[in-house]
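You will see chain A twice below: alongside chain B first, and alongside chain C after that.
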Partner chain A sequence: MAIVEVFIPSVISNSKEKARIKVDAKDVKELLFLLEKDGIVERNRLFDDSGKIKKFLNLYVNGKRQNDLEIQLNDGDEVSILPSVAGG
Partner chain B sequence: MSQLSDDEIQRYSRQIVLPEIGVEGQELIKRSKVCIVGIGGLGSPVAQQLAGLGVGHLRLVDRDIVSLTDLHRQHLFSTKDIGRTKVEVAAEKLSELNPSINIEPLPVPIAHYTVEGIVDGMDVIVDCMDSINARYLVNRACLKKRIPYVYGAAIQTYGTAFTVLPNQSACLECIYPGLNDTDLPRCAVAGVEPSILSIVAGVQVSEVLRIITKKRPLLINDLLFIELSSLSFDHIKVKRRNECEACGDIQNIIIPRTENSFEVGCARDGSGVYFITPTSPKKLDLARLSKKIKQMNNGRITKSRFSIAFNVEKGIRLNILETGVCIAQVEFPILDQRAIQSRLTTLYNALTSN
Partner chain C sequence: MIIGLRCRECKKEFSPSIRYVCDDCFGALDVIYDYDSIHLTKNLLANRENNMWRYKELLPVEPQDSLYSFHSGWTPLIKASKLAKALGLNNLYIKNDSVNPTFSFKDRPAALGVAAALNFGLEAVGCASTGNLAAATAAYAARAGLPCYVVIPSSIEQSKISQAQAYGATIIAVEGTYDDSNRLAAQAGEYYNIGMVNINLRPYYVEGSKTLAFEVAEQLGWDVPDTIVVPTASGAMLNAICRGFEELMEIGFVRNTPATIVAAQASGCNPISRAYKEGKDVIMPIQQPDTIAKSLAIGDPGDGIYVLRRLRNNGLAEDADDDEIIEGCRLLAQTEGIFTEPAGGVAIAVLKKLVEQGKIGKDDKIVCYITGNGLKAPDVLQSILPRPIVVKPELKALSSILLGG
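The block that comes next holds the complex of A and B.
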């Protein structure tokens, strides 16, 4: 298991507050499962109908954009979940 | 000996007094060339601030016209400007604000055949557009020409900004890969609060100012995410991806061809706005076009510097720009999208062919 630091802005999380939390998860798949289980983010905010991470969402693992559920996590890793923004 | 006149020293005195700018910084600002692509919700405040600051050459790029729905957030424009090209109105307003700077209005579409020319010769590009596809093209043109690129975007009550130094930092496609406009919410449907636009625009201007006064911009490999709901500014470290389709092979930047010539703009309730963009460069003779329109249609023609507008029939208004861009505003519910597309395209081809 690995303790990772997670950042989720309120536009993605359930609450009115953004989330900056520590989660114990071995990979991205487990991390998202735990976030959902703890009511931090709803499943339909993260995944499309086919079960893939929504296209306009970005998971940054230590800064690298990787929308991949299989990515292994290590102690101290930083994971951010942000929407793509392109309006102007 | 300063290159600034007494008038300029006085005009810019409140910023020259800042240790971050000074006389030297002001001279650099005066000598700088900045291109703003997209003169909308972000582009209006960015343009006003950069013109006020005294940026010597401002290139303004937008192929759109002013609409009533723009005015709650795009304060460079007034109600009387509705229907004119944004760059034309912006150029007028900004030269009233600061008559001593050069303003270059370009009513051109972002396409494979325009984008390199748009960024060429500029010290920095400020991306204020609302289309991810167009943004990808500008990012790639900046990578190819090695020009710093300042990204800003906002929707609803949140926004973001970051800066790209080609071959030194993550580019737009490292951060947001593989998107299409259809994957993203747009302002017309999702809405946008004007205050987030001013905040993001202010951040973009401060990055531009750092670049043109030879300081290192702050948002390199650093994605700033802003939310009004908690009034929070979060910095997320980002990294370049070796496999990035845009900057992975920096010696061979590919500018993909833009094939899509017909585009549904902010359509709502079945009615809406349609854009026709030529797939190769065009330069229309507006006087000749106006004659042609009169032959087929007795309605009133409105001419402005870069465009001609007329009503095809009640509820359908066409604006044709000299660059070949056509904006069709349809005011009734459209049941058959294909029929309207084919009708507008046929009419456009008849008017713009030789």
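The block that comes next holds the complex of A and C.
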């Protein structure tokens, strides 16, 4: 198990409020499961029908984009889910 | 005149607010206008001041006095006969946007972003930047009296950092790429309630770059170029310029839009031109951009897919390597007296390549957008320029240097 800090912007969260919370999870999959269980963000907000993360969303672990939900988490990791912002 | 915001993907509409992605599909939002209620005429324009705000009916926010009085935009459109000759062209113009108040085209979107921030009552602004937007946002923030926080990759040119700092901005230099900076700025905007002009104020911000199309058409006597060449990173400016021409058609000011849109990229960061040339319909991000055109070093271009669609319809893309970029800067300076930063060299180099490849007609009316000033990256030409000749202060020392000595 690992205590990680999660950032969820308001446009994604159920409450329409941004969230910054600590969660105890061993990998991203479990983390997302816990976030749904706690009513913070629903899975169908994040994933398309084929189970892939939505086209305009990105998931980052310590600033690195991740698509692999099995990825192991370590204590102190920072996880964020963000709309792919049109930069520049 | 503005109705609201609309999702580019699923078309869901929203009232004007601080919002930049759709809450259903997370697609980008664009400002929508009620064109029927716009009563702009060419005569009305003839009596307005020469700055970007003359097109206020086609912009989403009106400027506050502190912003209006900066007189951004209305930069020269120059008939570039000597450069045209060097490239084998007959009808070439340079839109010299390097002479804006903060010396790049970024004055245009930054002005709209800061105006929107003031309208929404935000108490701080900022941006993620490859350099030029940092300085622009900082200057408009100074005029508006707002604190400014800019997030940049730590590798950008010192002169751009100094410029932004001179205007009083706080610089956050990220050990990472532009894409890292952009993500961090997005989070900072949300968690610290900062109006990040190119992120959470993006729908308003991008509208500023439409004036690059309005001005060119008006300066050509309400005509439209056959071909435009646009240095491209995120693709936001290219997209906005195209929409600008489309809007002029919508309100009946011109009869067509440019036949050929050229996206000019650096070879060391070419996600759009690579996808175009490889015939792909998706953009593969460049993980580690490596180019002297640092202002174009955006590996994961937000508007890339929309630019690609436009190019597939009526456009071209090409990229230029560091040597070609430097040569482009040199050529522009030595034929037209315009000193541009590498982004401008990219535009010239790509134009040159496409002419050589026979993809641009020599009689086309071409407008090449030069978007940044050479003084922002003065060192890049050093590798090809001779060292100054050092002499004693004696006339005889000049005899071997000056003609007819």
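The rule is simple: the second predicted complex is superposed on the first by the 86 of 88 C-alpha atoms of A that agree within 3 Å, B and C clash if a C-alpha of one lies under 4 Å from a C-alpha of the other, contacts with A are read in each partner's own complex, and residues count from 1 in each chain.
In this section, a residue touches a chain if its C-beta (ideal position, glycine included) is under 8 Å from a C-beta of that chain, and two chains touch if they have at least 3 such contacts.
The shown structure was predicted, so the numbers you read here are calculated from the model rather than taken from an experiment.
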Clash-or-fit label for the pair chain B, chain C on chain A: clash
Touching partner for A:17 - first (chain B), second (chain C), both, neither: first
Contacts of A:57 with chain B and chain C, given as first, second, both or neither: second
Touched partner set for A:9, first chain B, second chain C, both or neither: both
Contacts of A:82 with chain B and chain C, given as first, second, both or neither: both
Candidates 79-87, 259-267, 331-339 or 385-393 of chain C: the single one with C-alpha clashes against chain B: 259-267
Chain B and chain C contact sites that coincide on chain A, given as residue numbers: 7, 9-11, 18, 55-56, 58, 60, 63, 80, 82-88
Residues of chain B defined as touching chain A within the complex: 38, 40-43, 127-132, 135, 152-160, 174-179, 181, 183-187, 190, 192, 197, 221, 223, 225, 227, 229-230, 232, 234, 236-239, 241
Chain A residues touching chain C - in the complex, by the definition given at the top: 7, 9-12, 18, 20, 54-58, 60, 63, 80, 82-88
Contact footprint of chain A on chain C as seen in their complex: 9, 19-21, 23, 25-28, 128, 130, 176, 178-180, 182-184, 186-187, 190-191, 198-199, 202, 233-237, 298, 300-303
Sites on chain A touched by chain B in the complex: 7, 9-11, 16-18, 55-56, 58, 60, 62-65, 78, 80, 82-88
